[in-house]
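In the two complexes below, chain A is the common chain; its partner is chain B in one and chain C in the other.
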Partner chain A sequence: MSPAPDVPALRAKFGTAVTRHAVIAGDDIVWIAADRAREALAWLKAEGYGYLVDITAVEYRDPELPLEVVWMLRDLGTARDLRVKVALDPKAPLAVDSVVDLWRGADWLEREVYDMFGVTFRGHPDLRRLLMWETYHEGHPLRKGFPLRGHFSRAEQTRQALAANPEAHYSMEELSIAEAYDDLPQEMRERLARGERGNV
Partner chain B sequence: MGLTLPEAPGATVSSMSPNWMTTRVDAVINWGRANSLWPMPFGTACCAIEFMASAAARFDLSRFGMERMSFSPRQADLLICAGRLPFKLAPVIRKIWDQMPQPKWAISMGACASTGGIFDTYAMVQGIDTIIPVDVYVPGCPPRPEGLIYGITMLQKKVRGETLFDWNLRDERPLGPEGLFLPAPRIDEISEPFGNSVHQTRSA
Partner chain C sequence: MAPRTIEMQLQTPGLDAQGRVQMSPLGLQRIDRTADDLHAEHMLVNIGPQHPATHGVLRLVVELDGERVIRVIPHIGYLHSGFEKLGEYRHYNQIVPLTDRTDYLSPMANNVCLAMAAEKLMGIEITERCTVLRVIACEMSRIISHLVWLGTTGIDLGAMTPFLWSFQQRERIYNLQESWTGARLTTSLTRVGGLMADIPDSFEAGLRDFCRTFPKTLDEVDTMFTRNAIWAGRTQGVGVLTREEAINFSLSGPMLRASGVEWDLRKDKPYLGYQDYDFDVPVGEHGDIYDRYRIRLEEMYQSTRILEQALDKLAKLKGAPINVSDPRVILPPKSRAMSDMEAMIFHFKQVMEGVSAPAGEAYLGIENPKGELGYYFVSDGTAKPVRWRIRPPSLINLAALPKMCEGALLSDVIAINASVDIVMGEIDR
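Here is the complex of A and B:
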């Protein structure tokens, strides 16, 4: 396995799309323009960073700072780490390109970021909530604008939770008893009917 | 009134026979119920570890007639919720409770199951008594096995005090028309923040 490229190599390849580079506590962090992030991640994967450790997001308390989507990459051959960030405007609709076709393991990571932060991953085959239930519509809990106890009253939260069908969390394949199908949200039923899940 | 012995047809047992006893129906049925509570373990967190310790050799729950963990709610008498209950599990515990046949009781084990505990957040039920009726609350974070066993013996005491002829005692209490177990204002009232969490306002 070839050694993973360093930041100057990334800069040489992507030029001004690499907007910033910092070394914090010994970790290399690069910020990449949102429209070229997928391309850069694909290149980094091909060049040695084969292991996607995690995808997450950060929203800062300062409302002027952007919301960042973070990819943690590792080169297993040389044990080098690289953190790739994309800065998004938290006031605009949040969207980046999915990397599920590069790393199959990105599937649930992206679903979690979507669930908690509301970041849409374009091209994700099955983007629905992972931790909260399908029909949860109080918001995205890890956003700074989300109150700790949620928006609704406790009684309303309890009512909505009790009204949820626990079996409606599963995909079509998991539903050997497909009775919960009617309880799924409309757009999810359409997606499942088109058979989009599993065709990655 | 007497019994006909199979080996001696026609002979009646004398009233002095040791095969006879008189008792109250309540006493004998409650004796049976209290000493063979089959728990349905609903373990969601660290309380479940203490619950496992209670059931294992050192603390040995079977001394009190609870050696038979019922992993099917249909054969269970006692639901032990060991651990915090997220809202996502609320319909699950409600379904399990509804699947348990009467007579049935519930123990809320630990601070989180009883009140939400430290998890005064968007994701957590603030006490399982907003979802199902609870008979005994066991305090602690998590309670020691002795604490759980004390709670179970308290429940046994409660069972022994019940009467078979109180028809309301064993009524099913399904969710109300608005889909809630308790009235909405009551849930809001008992879910009010307390202790350190009052410093966190709803808008913070």
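Here is the complex of A and C:
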């Protein structure tokens, strides 16, 4: 396998879609335009960065700064790392293309970013919340606008937890087997009936 | 698939090699299963979240056709504590106690990773003695984490005795941890730029004694498991992941190496001077539970080797400083803070304002017992990170569970889940 391409090669291939390159604390970081991110990641994977280390997102305290989705890639042959970032406007709907078909490991990582930041990954086969429960509707906990202790008081959270229907924690796959559809809350049934997935 | 060194065939009494019943025990009549309509009906079995075999509050929904697994759907999040969010409200040193509570089976290694990630962000070079002590912390953690894995997996597969042996040895490391940090579990060992404390006087002798006697226990486990027909029958060829699948699922640690990928951050991206230590990295070839067991067992031998070398290095560094000599990063000794004006000011500023990091970001991954633990810090120039991301090896390894369980038996699900070596504190964070 040829050695993983460096940033000039990425620039030569994708031109102005590579909006910025920086070396911070010894790590290579490139920013790529949101609409070409998937294409660039697929190219990088084919060119040697075959291992996906992590997917995450960053929202800055400064509301003027964009929210960033971060992919960390690695070439296992040469032990080179590359961090790819996409800047999104935190006030607009957040969406990027999914890379689950490239890396199966991206499945849960994308679900976690969706759960915690509300970034929708287009093309993800099963974009559900990962850590919070399906009917959780307080928002996305790692957004800066989300208070540290949550939107509701402890008493209200306890009340909601006690009133929740544990059967509602089944996913669509399980419901197709268990026929627990009738026990779901009305709001969730409406969402699922519209075929809507991954939007709260 | 390459031939095994240990080949064996298990046969259930009363069944021939193809699984057909040869005789009916206790004179029971054979029921013609094809005649009833139960055959086509899939069953949904819920395992957990309160189940001893799920190693914490993991919930698995298993769809079964008879005893054959059609699919497994894991549900996580029952232990979600919002550590990443909490980290955004804390100074870098105040995050150290949070790391104890993520992967609570190897707290000292997590502490080391956190300090190293913060130091990478701030551009701090630590002292040589601190490097050696951190290697000792990491390898002690590897041993206790693998011992828990060994014991609990043994219990999951019906072997009680190795559990007692491994927990007995783990207790000895815990005693050493306690003498070093004052805590058995919540060690909070490191600080940015150094350590909370140097090792006590009796520590080196205690660890040497452990390194001398511990491999005997491993030999006993080896005798008990490696050539055990039940163990081999339950683990060989179960939960197989190929090399390509392991990389595609972003697995790390023993899970990745069991599938034949030679990747160990200690060798391939050396940190803490691991390139100066003489140790081997075991690599499997079948990618099944048995190979994962062999790798973890061998890693404990290798960790003992590293510990012995680290103790030799430590003897040459007697009395050397463990902390960087930068009063902006390291707290002055309490006696000086109480008597020296300048030291008191530095003490006050650090406690009140924390250690600030330059604007920027840093990702640092280390080879934790469960895989690559990475901490990703983003800073805006203040003393509290904008974002603290944990790359949780257990979570990413567990994501491959549904794939590994395809077509397995229900009892295999327990064995496969055990082989991933999960810790829910880290998965749910």
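The rule is short, and it goes like this: the second predicted complex is superposed on the first by the 163 of 200 C-alpha atoms of A that agree within 3 Å, B and C clash if a C-alpha of one lies under 4 Å from a C-alpha of the other, contacts with A are read in each partner's own complex, and residues count from 1 in each chain.
By definition in this document, contacts are C-beta pairs under 8 Å (C-beta built on N, C-alpha and C of every residue); 3 or more make two chains touch, one makes a residue touch a chain.
None of the values given here were measured: they were computed from a predicted structure.
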| item | value |
| --- | --- |
| Touched partner set for A:Tyr60, first chain B, second chain C, both or neither | second |
| Chain B versus chain C as contact partner of A:Trp133, first or second or both or neither | both |
| Contacts of A:Pro125 with chain B and chain C, given as first, second, both or neither | neither |
| Chain B versus chain C as contact partner of A:Ala25, first or second or both or neither | second |
| Touching partner for A:Pro141 - first (chain B), second (chain C), both, neither | both |
| Partner chain(s) touched by A:Arg83 [first = chain B, second = chain C, both, neither] | second |
| Partner chain(s) touched by A:Arg159 [first = chain B, second = chain C, both, neither] | first |
| First (chain B), second (chain C), both or neither touched by A:Met72 | second |
| Touch count on chain A, higher of chain B and chain C | C |
| Doubly contacted residues of chain A, that is, touched by chain B and again by chain C | 131-133, 141, 146, 148 |
| Chain A - residues contacting chain C, complex | 24-27, 29, 50-54, 56, 58-62, 70, 72, 76, 79, 81, 83, 103-109, 112, 116, 129-133, 141-142, 146, 148, 169-171, 173-174, 177-178 |
| Chain B - residues contacting chain A, complex | 87-88, 90-92, 94-95, 120-123, 125-126, 130-131, 175, 178-181, 184-185, 187-188, 191, 193, 200-204 |
| Touching residues (chain side chain A, partner chain B) in the complex | 131-133, 138, 141, 146-150, 153-166 |
| Of chain C, residues touching chain A in the complex | 42, 44, 61, 63, 71, 73, 75-77, 80, 82, 84-86, 89, 120-121, 123, 245, 247-251, 261, 263, 268-269, 360-363, 365, 372, 374, 376, 378, 380, 386-387, 389, 391, 395-396, 399-400, 403, 428-429 |
